[in-house]
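Just so it is clear, A, B, C and D label the chains in written order, and each chain counts residues from 1 on its own.
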């Protein structure tokens, strides 16, 4: 699907918002891809992000999928809005084993107020990718008068 | 609801598993409550866990809710099993503003293989609690022959 | 939780909307309970509502849970709005066996635009009730200028 | 994705199961497509399936999406199993307006015990198709000793 953007400066706006997400820096995630309606977040494996079996924690997998969905939606929103996650559902379909995890978020229904996105997280292990999670999310555009920026 | 436990040593089993979750230590979360079918995870606010508006990131809120659900379910599982999250859905119903966040997970349907749990996350701000998220989750018991412990 | 209503005539408004739902009549469902923020839909068993194993179809269970959630939310909305389901998640936790099915929807977070509800469906079999499904749903209030009524 | 089938007679097995779903006959739904890992259910518009605004009820849209997901998963399951829906989430992304509704279910992660599927429902109005709903679902294979067939 091709999307029409409402803010030609969307890339700077998304990147500035991503940089303000201190959690992204803390876990070592980066915004590695961005086109209108799609965003990609990459996260190298780190020992301190694991759950009890040594896999990356489902919560971290969800975090990068949620962030990828959010910026996919935010890329299509007008300049004067903030983006918030209303809700999401995630299926963890394989153990999160690998050296690198990439979440790819994609708008499937843009909206003035509500957007619907999907995200997939792929684990790369010894050069081979495997889908480890799939997400379906609802995001909301909030006018800036709500006091939030980006 | 009162639940029957199958493993009288459930508390040690759950606490040992929690300690192996390196992510919990990394974000500063603690297991502050545990009875059969219910688990509570507490997380003090930390600046490096925030999203772009300075609230605690939805992914971190989901992480403690997911962990609370998982250990609520795990407390009822037999001794020789591991617990995995199959999927969950979370609604983020208020901004995660506060000094302390407590996720309370509760089994609503225990099962030999699949368990269904709910979790609520409450933010405590200046002594007042407010629900910020609600989760509905499906967890799976995996026999230890799968090579996982706890 | 006690809720404040914005429309003292909410009961007539909800009942009128329910009556316009032709599907409710077609499957034999009735609105059997309504207080601000809560709605109850009752459905007697019928052979033509079953799936392949003779249980009531998950889709019908979801239909009454969705409707109960919708009217729970609608009861708190202003007079000049329509209610739409944005999304929901449902866990089917037991087979839908019984003579009567009752869905109880309840608002857990009312909102000017978005409301979050839960619903439970109980099957009554030989006088005994059993929870068969649990739902977590997001509903939207739409101003009437959108051309919808109720 | 191409899937390996475990039961070469999957088509007869799925069709027989579909025919036992009395609800499908009652609402006028038909199984119009089936390949390994994918199933398609078609439903012509009917006045008695509508909600309060005259659109097809979200519960009916979910019913055909759930059924399409279920048979997509069931097509890959061994001969001696029954399929049950564990849970699903659905986003209703446009009003269900049209003469014909087609739900397309697709396995995204087949499993011995649990399968994950997506489904999309398209409304056809005056010859033009529009996605009205998207679903993410978890299905379970149950051994026949559980007393269920198909």
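In this section, a contact is a pair of C-beta atoms (placed from the backbone, for glycine too) under 8 Å apart; a residue touches a chain by one contact, two chains touch by 3 or more.
The structure displayed is predicted, hence computed values, not measured ones.
The chain pair B-C and the chain pair B-D differ in C-beta contact count, and the higher one is B-C. At the far end from subunit C, in terms of centres built from Cα atoms, lies A.
Between the Cα centres of subunit A and subunit B there is a gap of 22 Å.
A straight line joining the Cα centres of subunit B and subunit C is 29 Å long. Centroid to centroid, with C-alpha atoms defining each point, subunit B and subunit D lie 32 Å apart.
For subunit D, residues touching at least two other chains, in rising order: 86-87, 89, 91, 116, 138.
On the side of subunit A, the complex with subunit B involves touching residues 17-18, 20-23, 25-26, 47-53, 57-60, 62-64, 66-67, 82, 84-92, 95, 148-150.
Only residues 86-87, 89, 113-114, 116, 138, 140 of subunit A touch subunit C when the two sit together in their complex. Taken together, the subunit D residues at the contact with subunit A in this complex read 89, 91, 93-94, 108-109, 116, 118, 131, 134, 136, 138.
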